[in-house]
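These notes open a run of structures that come right after.
Both complexes shown next keep chain A, but they swap its partner, so chain B is in the first and chain C is in the second.
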Partner chain A sequence: MIMNKKYLVGVFDDEHTLVDAFEKALAKGVVIEEVYTPYPIHEILHGMKNKTNITTAAFLYGLFAVAMLIGGMYWAAVVDWPLLFGGKPFNTFPSFIVVTIVGTILTITILTLLTFSVRSKIYPGKTAVIIDIRATDDKFIIVLDQDKMGIKKPEVTQLFQTHGATEIYEQDANTN
Partner chain B sequence: MYKTDVRGRLIDGDKSLSQISQEILAPIDAKTPRWWYVAMGISLLMLAWGARSIYITLTQGIGAWGENSTVAWGYEIINFVWWIGIGHAGTAFSIFLLILRQKWRTAINRAAEAMTVVAVFCAALFPLMHMGRSWLFFFIFPYPNTRGPLWVNFNSPLFWDFMAISAYLLISASFWYFGMVPDFATIRDTTKSKVKKAVYGFFAFGWTGSSREWLRYEGLAFVLGGIAAVLVVSVHSIVSTDFAVSIEPGWHTTLFPPYFVVGAIFSGFAMVLTLVTLMKKLYNMGDFITENHVDAVCRILVFISLIMGTAYVTEIFIAWYSGSEYEMYTFFKNRITGDYAIQFWGMFIFNALLPQLFWSKKIRRNLWIVFIISLFINLGMWFERFNIVVTSLSKNYLPSAWAPYHPSLVEIGFFVGTLGMFGAGVLLFFRYIPQIAIAEVKMISKYNKQQSDHLKPGHHDYE
Partner chain C sequence: MESKMHNLEDRLIVQKNFKYLLYFLIGIGIISMVAGFVLDPERAWANYLLNNYYFVSLAIGAAFFGAIQYITQAGWSSAFKRIPEAMASYLPFAAVFFLFMYFGMHTLFHWSHEGITQTDALLAHKAPYLNVPFFFFRVVLFFGLWILMTKLLRKLSLKEDAEGGMVNFYKSEKYSKILIFILGISFTLFAIDMIMSLEPHWFSGLFAAKSFIAAFLHAATVIALIVIILHKIGHLPMLNRSHLHDFSRYIFMLSIIWGYFNFAEYMIIWYGNIPEETIFYVSRSQGVFGVLFFVNIILNWFIPFLFLMPRMTSRSKLFMVPIIVLLMIGQYTELYYYIWPAVVHGSKFGILEIGTYLGFLGLFTLVVTNTLSKANLVPLNHPYLEESVYHQF
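For the complex of A and B:
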């Protein structure tokens, strides 16, 4: 478990030096555990090679919602309780479209938020596992797992130093 | 790529990232200013009057209002549409300006979204009370019930409206909230107060700023932003169909959906302008909300104001061109002239003519004039809704049914109460929530630096 992990932490002052060091480290085959930044940086998101299917999930939720809404309205208006409005057909499909659009948007929102919460493990009251408390303010942090960083420690330290790290330190995973 | 030398700086002063956090969070850390308590007191008094009016409405029924069988939709629908219109700015700012890659929106979108959530809450109260037996409001939910089951009418714009407003409220609130999660984490990690650390830590949802979180966060923003873009157009189109599908003269026009959507964005942007001028002056946010920001909103208002003017003139022209005597009567005898001419001309002058002053750069740069014009636009948009609702209803096809409309004190109190609720909500926002999206402003702060040594060619343009 993460309790026994020992981290090597590189601290950078700005986005440019961080991206530079990050790309050089990847080129050298360094295995990067995680990068913490005050705002999203696309080079990092691409470089970390994590994938998210949240957009695909949202699309599928949308298809599900459309089917349920049109099906539900048809069932209510035609099967369950048909009402005669001056000889108009029970199935007034085109006018179902408005509710379908709005209901679909609502369903996608709720389900995608839930998916985000579950997959990112972001929920009310969760205690944050913080490596370096300055990462939400003004520092850019690269964290390596010392047991499997794919390169020797002095080499990483030198690499970080030559590419603008302002601090390099070691930390146990279970201390904040 | 944002070109600072062409478009001007997005943030004034060379600020480090931690300075950005500190300056935006300053109102949360500082002692509450005295004016805040005064303003809050006034808002709560107004809210108390509103609560009393609601109590009277609930106990006596809507007979306590000034409506009659001819003008059955009075203050309630006017104020409902007015608040919903104001509530349009949040998504318009977040989504439209996001799609148009307007990076200056980052300083303003948080305030616009906060205002949206409060305004939509205010709006929702009006139809709720207008139902008469408000405690049975859940009858409007389409669920299998023991009343038949009697289903709602899926063909009715009133039901569409309920769906649209509920979805809009939920989506704008969640869009707003998830935008704040990284900022709450910043408060949690920078504050020295233990109470703040615990409270904001709770609301920060355990955010750390890891690449995994940011990746999904961006995905979520993409999905919510993409689908909420539809809502900017759909919500007010649906509100307009409440009117347009009827056969009342002055309402029964195909112009209504675009006219309402544009009007909503117009009033929303005007209210945003009111708020950001206050933020600039009261909270020294001038480095983030620069003159260029105010200037940009003013220029958008000039453009929308021209569309509004065109819509007003088109309505009048079509009333004449249609040859329908009822349309002619409504527009020429009951709007331009007649009992409600003041409201018509108030609308026309404040919405179509007054904003034309923004053509002048001198006026756009004068914060006082901008603030006053923004208030007049809000007033003008209220007149517009009064004009649409009351003039068409008060004198329709049967002269023996004609009746004037005067709001009762209960109705006025109800409206004042929502104004108080809005004021209190905005004041709480100013005091306890980062007024500007910190993470987003940090992201654009790099455009202020020398670009040659900061962004290498071939790198992605962010956002």
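For the complex of A and C:
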């Protein structure tokens, strides 16, 4: 999938130079592939415009779980196999709620995990694509796809250099 | 970036007309109370207790909210800390009102009846705790502690405004830690005294904790409402969507806890099916009270839970203000649901109730606005003020 991509990688030492370069690059119309930082940064989150609908999905899974759990318990306790417990009605609704709360949390967790895995194409045992190992430590990395940067390479290099990039290099995606 | 830290010196000036409106509301309240005592003393005392408890729980919840901000060293809320302080300044007035309840003990609390311990074995057993002198000793003790601690924190806060430095902040944090212990123990006992002992034969382990959470929840909503109103009339210019989101999180989180406690209490009693416990719900499942049971859950849990869940609605005043108003009604219906079956033995609701509520609301607003106007609306030397002004996520 990402085999033959050629990347241009800019390495920054701290948050301020990174955000500065990031915003200047966006203003110039540079298409940024991805930014890797040791911790989340508001400006990057806003600038990348990565929107997620996973919360909506989680809410729908919750509705699904509530319907299935209450429906299932009602079916088991009232329709299919009614049992008398010391004068209690068959439909013991308040005691269904406890199971519903716990079961809903479990269902949402598992289904959201699966959705996330499918959407971001990860699975157990997959080799991680790490553009620059130092991004997991203390460096801030901006990654550009050389085929669709929206701007010429020397200009990007110059832009990054004037805004405090400590290092700029090219990399093939499949070398790591 | 243009600095937002300038022009934070800003005092609330209470308009004359607004004050007259509040006096008018208090007048309505006094007339309703007097009319109530003449026409239907039981209802009047029930009203008196309900509104007293309603506004004292707002004051206590606000004091707790303020203390939590200090203990967690929360940055986002520091610009708004005058509002919980001002709400807590209602406590001395509430203390006087609760002492006046001496004259209504006989009507409100049937454990206080003369000679009842001879005929009622359970009340005789509880008499060492539930007796009139000890009851008022507790009222005096609790209010004494609350007023002392909130005044102390208020004094430190004003001192910080004048002097700056970190000393007052650390002191406030220390006293806040003491305050939450005092509130945690005393307000739960207070709720048992004032609401639960209306039904002295009833047993519930969760009632006091639920009352505490209800106070915290409704105080958090009223703090958010006052902040929004002040912003609307041109104060607190730093208020942005991130602050609103944080207020919404408080409301959302606390309404879930309220719903959890409410459900847990009901479920255990329903499942156990012991007469000592179910007696509470027997009189509260008939007529209007059977409906109010669900109204409580809808207003205090379901609506905030559903409508403050999405990110978009929880940072929008358009959604928050109606939810806050519904929660304020929810607090009223909750207390009505507890008090009326025990005292009035019926669901009477009319001009008397509305008038009394408006009177207390007027007084509470008068006290809060008065305290707010006495100091700068923004704590200028608070160490986290800058973080609060630039709060964004």
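Rule of thumb we're sticking to: the second predicted complex is superposed on the first by the 170 of 176 C-alpha atoms of A that agree within 3 Å, B and C clash if a C-alpha of one lies under 4 Å from a C-alpha of the other, contacts with A are read in each partner's own complex, and residues count from 1 in each chain.
The rule we apply is simple: a residue touches a chain if its C-beta (ideal position, glycine included) is under 8 Å from a C-beta of that chain, and two chains touch if they have at least 3 such contacts.
Source: prediction; values computed, not measured.
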| item | value |
| --- | --- |
| Which superposed partner A:Val98 touches (first chain B, second chain C, both, neither) | both |
| Partner contacting more residues of chain A (chain B vs chain C) | B |
| First, second, both or neither for A:His42, with chain B first and chain C second | both |
| Partner chain(s) touched by A:Asp80 [first = chain B, second = chain C, both, neither] | first |
| Touched partner set for A:Lys148, first chain B, second chain C, both or neither | neither |
| Partner chain in contact with A:Ile122 - chain B first, chain C second, else both or neither | first |
| Chain C-contacting residues of chain A that also contact chain B | 42, 55, 95, 98 |
| In the complex with chain A, residue positions of chain C that touch it | 263, 266-267, 270-271, 309-311, 392-393 |
| Complex interface listing, chain B residues touching chain A | 16-18, 21, 142, 148-151, 154-155, 159-160, 163-164, 166-167, 170-171, 174, 178, 181-182, 185-186, 188-190, 201-220, 222-224, 227-228, 230-231, 234, 238, 439-440, 442-443, 446, 453-455, 459-460, 462 |
| Of chain A, residues touching chain B in the complex | 14-16, 34-45, 48, 50, 52, 54-55, 58, 72-73, 76-77, 80-81, 85, 92, 95-96, 98-99, 101-103, 105-106, 108-110, 112-113, 116-117, 119-131, 133-138 |
| Contact footprint of chain C on chain A as seen in their complex | 42, 55, 59, 94-95, 97-98 |
